[in-house]
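Below, each structure is written out as structure tokens.
Across the two complexes that follow, chain A remains constant while its partner is chain B and subsequently chain C.
Our next item is the complex of A and B:
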């Protein structure tokens, strides 16, 4: 059988995609995480009398901490499975990806296991985040003078 | 390539599983099930070594033999460098052949073992296959604790080990013939849809087996594929009908039998080298001994990618080996 005809059979039997439902769910939960972040930011700014710019750093640390803690406690993967992009796109997704890789390789030792593998999933985010920040900064410098 | 065997019998089996399989519909048929993914160790790789070793130990207990009575152990799994096979082999001390056909390993082992017994090179042998869900996830996919969504076509690697004792003694069920499959590449690249990749190899091997033996598909009470899952199963039914004009009525897939697909979170069904033998050596073996089934064609299917070939965007080949099993008259 030609590959194209075989692919037709495969496509015919493919499960129906539930993108709309997943999209709505991710939108709502992602939005809630954003709201939570903003709430924390305002709370820290109010409690510690600091500008919101500094409070946002504490907010990010809080979200990362709980993303990591819940991953290590073993139930955050179920949350992510349910919320999908709603928890993957916010900083919680980065924390979850890093922590889950860390747990995975803990048996292989500190250097050859955790150190070498903890950024297995999230390493690309850092690399391409830094590269795009560099280009974005360059564009800003050239067109808007920094 | 189909080989007929003279006087080769599958005398006894042993099946050991992890927690998820024990909760499945066949849970009470397995010889032993562990309630954790960590089995006598703190790593999944070492747990799989233990699973494999345990299945051979249980089998030796059932046939009342010591390891010195066994001429040959043929075994395979998914872990890199066949570490589970080789480490378990070093503890068992039986002459060892490590083999790899991904999830088609179990039938490859049966074919090699049956050939050597049929040719009178060995008197008996043990054929094993094992897999560990978390070990396979770690090696082939994402970290286990990572909850990134998986498509519905993804399969769930079984945790367990199954071993079978083969000899010339007429006991258990007969291994009538075996068909060595061809690695087939249908141009698919999605490692999360292995059912679609492997259905082509299953179809090819079933067709070759039927034409080599000049049998109709209804000759068998049951045709059993390895781990195509619920979507791959439909693909195979359509593919057999369109390509070969063969209607598969008496057909099932072990990947859809080992778990409760409605209530267990296993996506399209079970997979892994242990999937086909766990179902065959428990549920099917019992039914054949009771003569509820007399002729069964077991077609274990394997998807032959590595992480490197998937990342290099190569198409994924698959292979299927078939073994014809007969109840004793």
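Our next item is the complex of A and C:
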């Protein structure tokens, strides 16, 4: 009886603690990536004397570059496995999805491999982004006058 | 000070994503698509612009900002040109990100070979 109850309690609590751990990891790593983005933006604005709006473009390009590079070098997969949403939700996840699809199909040739499959994983972000942006833009234009 | 706010904002967005990922059967692909739609939705009431003023670069890093920038570019162009501006300006602000992802992926895929 005691054993069965013990097992019940373990089963009830084990997934929860994993979830808790995942949540903490995602919060800390995702927050760190966000902080890095803000830091890079301010650094670029300070170094090159450009407005923060242009600095944000350079910041996003930098993050995408490192996301792509680390995926190509092979150890970003382990990072993503460890941090989960902490690296999927930031723009690095977009870079990771694009890069890993490209690497996977690279040996099938330039056009049928890379060209056809590059946006296989990250294409849905662009598609649904464009669809929703267009309709929400339309809604705002019609009902709120732009 | 925006460093702390950007840490908090980006962390909370990732935490919400992780909670959704753990408690439903959605894949990361579903998750990113969902967050893009949420970001595009928040731009209707200019809410995301206020978040960017508050959290700085931390609000531009999550994928929600991608949806926000799509809507924002479309609306800025639409304010000048009219309703056709929606289709003309939708990629104005995000093209740099998409271009960077495509160019870097292409070049790096030519240089590196996959391990297995």
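Quick note on the criterion: the second predicted complex is superposed on the first by the 127 of 146 C-alpha atoms of A that agree within 3 Å, B and C clash if a C-alpha of one lies under 4 Å from a C-alpha of the other, contacts with A are read in each partner's own complex, and residues count from 1 in each chain.
Methods note: a residue touches a chain if its C-beta (ideal position, glycine included) is under 8 Å from a C-beta of that chain, and two chains touch if they have at least 3 such contacts.
Keep in mind that this is a model prediction, so the values were computed, not measured.
In the overlay built on the shared chain, the residue A:137 is in contact with chain C alone; chain B does not reach it. By the touch criterion defined above, A:107 reaches both chain B and chain C. Of the two partner chains placed around the shared chain by superposition, chain C is the only one that A:86 touches, whereas chain B remains out of contact.
When the two complexes are overlaid on their common chain A, residue A:74 makes contact with chain B and with chain C alike.
Touched residues of chain A were counted for both chain B and chain C, and C has more of them.
Contacts of A:99 after superposition on the shared chain: both chain B and chain C are touched.
Contacts of A:121 after superposition on the shared chain: both chain B and chain C are touched.
Comparing the two complexes, residues 22, 74, 84, 88, 97, 99, 103-104, 107, 121 of chain A contact chain B in one case and chain C in the other.
Interface of chain A with chain C (complex): residues 18-19, 22-23, 25-42, 52, 56-57, 59-61, 63-65, 68-69, 72-74, 84-86, 88-91, 93-95, 97-99, 102-104, 106-107, 114, 118, 121-122, 124-126, 128-130, 132-134, 136-141, 144, 146.
Here chain B touches chain A in the complex through residues 42-43, 138, 142-149, 151-153, 186-188, 193, 196, 199-200, 231, 234-235, 238-239, 242-243, going by the rule given at the top. Listed in rising order, the residues of chain C touching chain A in the complex are 2-4, 6-15, 17-23, 28-29, 31-33, 35-37, 39-41, 43-44, 55-63, 65-67, 70-71, 74-75, 78-79, 83, 86-87, 90, 94, 96-98, 100-102, 104-106, 108-115. Per the touch definition, chain A reaches chain B in the complex via residues 1, 3, 5-7, 9-10, 12-15, 22, 71, 74, 76-81, 84, 87-88, 96-97, 99-101, 103-104, 107, 120-121.
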